[in-house]
Amino acid sequence: MSESTFMIPLWADLLAVGLGGVQGALFASGFTGRRLDFLGVAIIGLVMGMGGGIIRDLLLNAPLATLQNNWYLITAVAASLVGMLLAGIFQRLNRVIIALDAVVIGLFGAFGTSKALALGLPPVPAVFIGVCAAAGGGILRDVIMGLPVAIMHVGSLYAVAAAVGCAVLAMMGELGVPLTAAAATAVIVTTVIRLLAVIFDISLPEQRALHRRKVAVETAAIPTIKPDPPRRFRLRPPPRRP
Amino acid sequence: MSESTFMIPLWADLLAVGLGGVQGALFASGFTGRRLDFLGVAIIGLVMGMGGGIIRDLLLNAPLATLQNNWYLITAVAASLVGMLLAGIFQRLNRVIIALDAVVIGLFGAFGTSKALALGLPPVPAVFIGVCAAAGGGILRDVIMGLPVAIMHVGSLYAVAAAVGCAVLAMMGELGVPLTAAAATAVIVTTVIRLLAVIFDISLPEQRALHRRKVAVETAAIPTIKPDPPRRFRLRPPPRRP
Amino acid sequence: MSESTFMIPLWADLLAVGLGGVQGALFASGFTGRRLDFLGVAIIGLVMGMGGGIIRDLLLNAPLATLQNNWYLITAVAASLVGMLLAGIFQRLNRVIIALDAVVIGLFGAFGTSKALALGLPPVPAVFIGVCAAAGGGILRDVIMGLPVAIMHVGSLYAVAAAVGCAVLAMMGELGVPLTAAAATAVIVTTVIRLLAVIFDISLPEQRALHRRKVAVETAAIPTIKPDPPRRFRLRPPPRRP
């Protein structure tokens, strides 16, 4: 695939980074018991806004795009501090943020996959890199917070939505569809899957073995298990138990 | 050292990745309380199968070998899902898996060290990279699970076995031994040390200071300490308390 | 900026790495309940001594300087084992270690920022990389220990001191000040800020929203929160409660 990469225009990329910063600040605001300071909030914002792009470029062994100009860092830090101060307002915009986030996952996934394809990677790794670009910020956030990685647990489809979109892009690329059309399709596919998953609370099944036989690994004996990490956001509150 | 690198043939590399995937799934099966979904199991499998190679290539600032063809990702994901479904059967093959894993540590260590030497690194960093290639998957697994890194704690020699093998390889390389012979020796050394450590329950001593004086760092005041992480697998059950 | 990089002489770099190793061992000695073995202590020492440099070079997509000769690894491992054995003595040198550490933050920050500028990065990312070089070891340490990252929480200025020093360096570079003078100024600025923050217990404010409205994200419902991570060291004991 020698075509040029599908480029997100800078303003869209910065919008995505800013959105990540705001989401990071809102995430941080749920941890009031942990005495995060301004720097902590800014780090979470940075990581959610820029982490996906950094992981993508590290895996591609390419110069880090988010460090090639001043605006990514400024946007992410400013957005996270604004998000911290105006947490109350942004909470009320929750639905808008989820919808925008779904588009952002799609954009980052499509950009990551097409960048990987442009650098000569085969389709499966290209899809993998797209998913890492889309979900990497959340993974890094959980790692630096000392939480288990959220996307590994039962919850609304997030990485899966990105994976399907990226796979569509890679397949259309193999079939010779022009890159722009393929990328646009991929973004739409990811966005729609993610939104449907949030609205209808669709999730992947929990791990299961074919035989119910009690698995007796020593690891099963660990007494204390940390609680499930929070899902990111939801459009509606969970149903009340009667 | 201008000789060519000691190459693992692709089938052996994929076997190792597949074994990592199965081990990841078995590890995940010990965490039934945490609601890992299929994707979570696949991520743990990916990380245990491919993590060592990814860390190795990141440290070498080289293109990631595991992303240059489709098969690594497919193998790791397929193995982890098969491992999840057939956890009961694989549990009974525990001894086989430990033995294979010991060979795999040796192979990854030898491959990592020889790749580092071929890229011009001095012997000590080359040994370090071999150990990271051998143990990196387990480290990454613990990090994304939010667990303390298992190899840092008292347990059967794992990283140490890899380190001794890699050091043997680097020394033989310095002495002019042909690479294939040196690598084969290294694999055998690592495998034997690891198996002996598991069978006879040999471990490194716990940290200790020369003077018993109570160390009064502020860090000592941390009240809640997470439980020790599980050792990977054992050949026999721990001795019963009478 | 086509000037040559501000180079730390090798002996100073190794001194810093060794100091990191000793600090890692002292940090580990606070976790006696966790059964860290010799390897675990050495890993923490390695990570605190070399982690900042590794993160810096990964972000710069440059060959890892700490792996280009044998001495970094040898120094870090030796220092951490000596630090473990002589923990009691080093505890009494606590003030000296804090002071040296403040200089080391300044050196690593200045080196990271000037390396980034020399590789053509704009000033804001260059400052970011300096901060990562200064604080990266502590971040990696917390991640592999499964602890929340310490610098994200309320405590004496650490990353902030590095950031101010790096920003001074970048600004002086823009103004055409010779690199050596700019770097020396940056090191002094960072050291002084860090020491003043420790002595007078200055910290960034905790996160806060403009409106006190109870933030009702689902994330707020997480029941178990890990305790605040320890601050690194302090010059004087905390005031006694009467």
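We just call them A, B and C in the order they show up, numbering each chain from 1.
One rule holds in what follows: a residue touches a chain if its C-beta (ideal position, glycine included) is under 8 Å from a C-beta of that chain, and two chains touch if they have at least 3 such contacts.
What you are looking at is a predicted structure, and each value in this text was computed from that prediction instead of being measured.
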Open item on the list: Given that chain A and chain C are copies of one sequence and touch, is their interface built from the same residue numbers on both sides (over half shared) or different ones?
Closed with: different
TODO: Please report how far chain B has to rotate so that its Cα atoms sit on those of chain C, a copy of the same sequence, as a value between 0 and 180° in steps of 5.
DONE: 120
Open item on the list: For chain A versus chain C, what separation do you get between their C-alpha means, in angstrom?
Closed with: 28
- [ ] Provide the list of chain A residues touching at least two other chains, using ranges where the numbers run on.
- [x] 58, 61, 143, 146, 226
Task: chain A residues within the chain C interface of the complex - done: 26-41, 43-44, 54, 57-58, 61-64, 67-70, 72-74, 84-89, 91, 143-146, 226-227, 229-231, 233-234
Open item on the list: Which residues of chain B touch chain C once you look at their complex with the stated criterion?
Closed with: 58-59, 61, 121-125, 128-129, 139, 142-143, 146-149, 151-155, 159-160, 203-211, 213, 215-226, 228
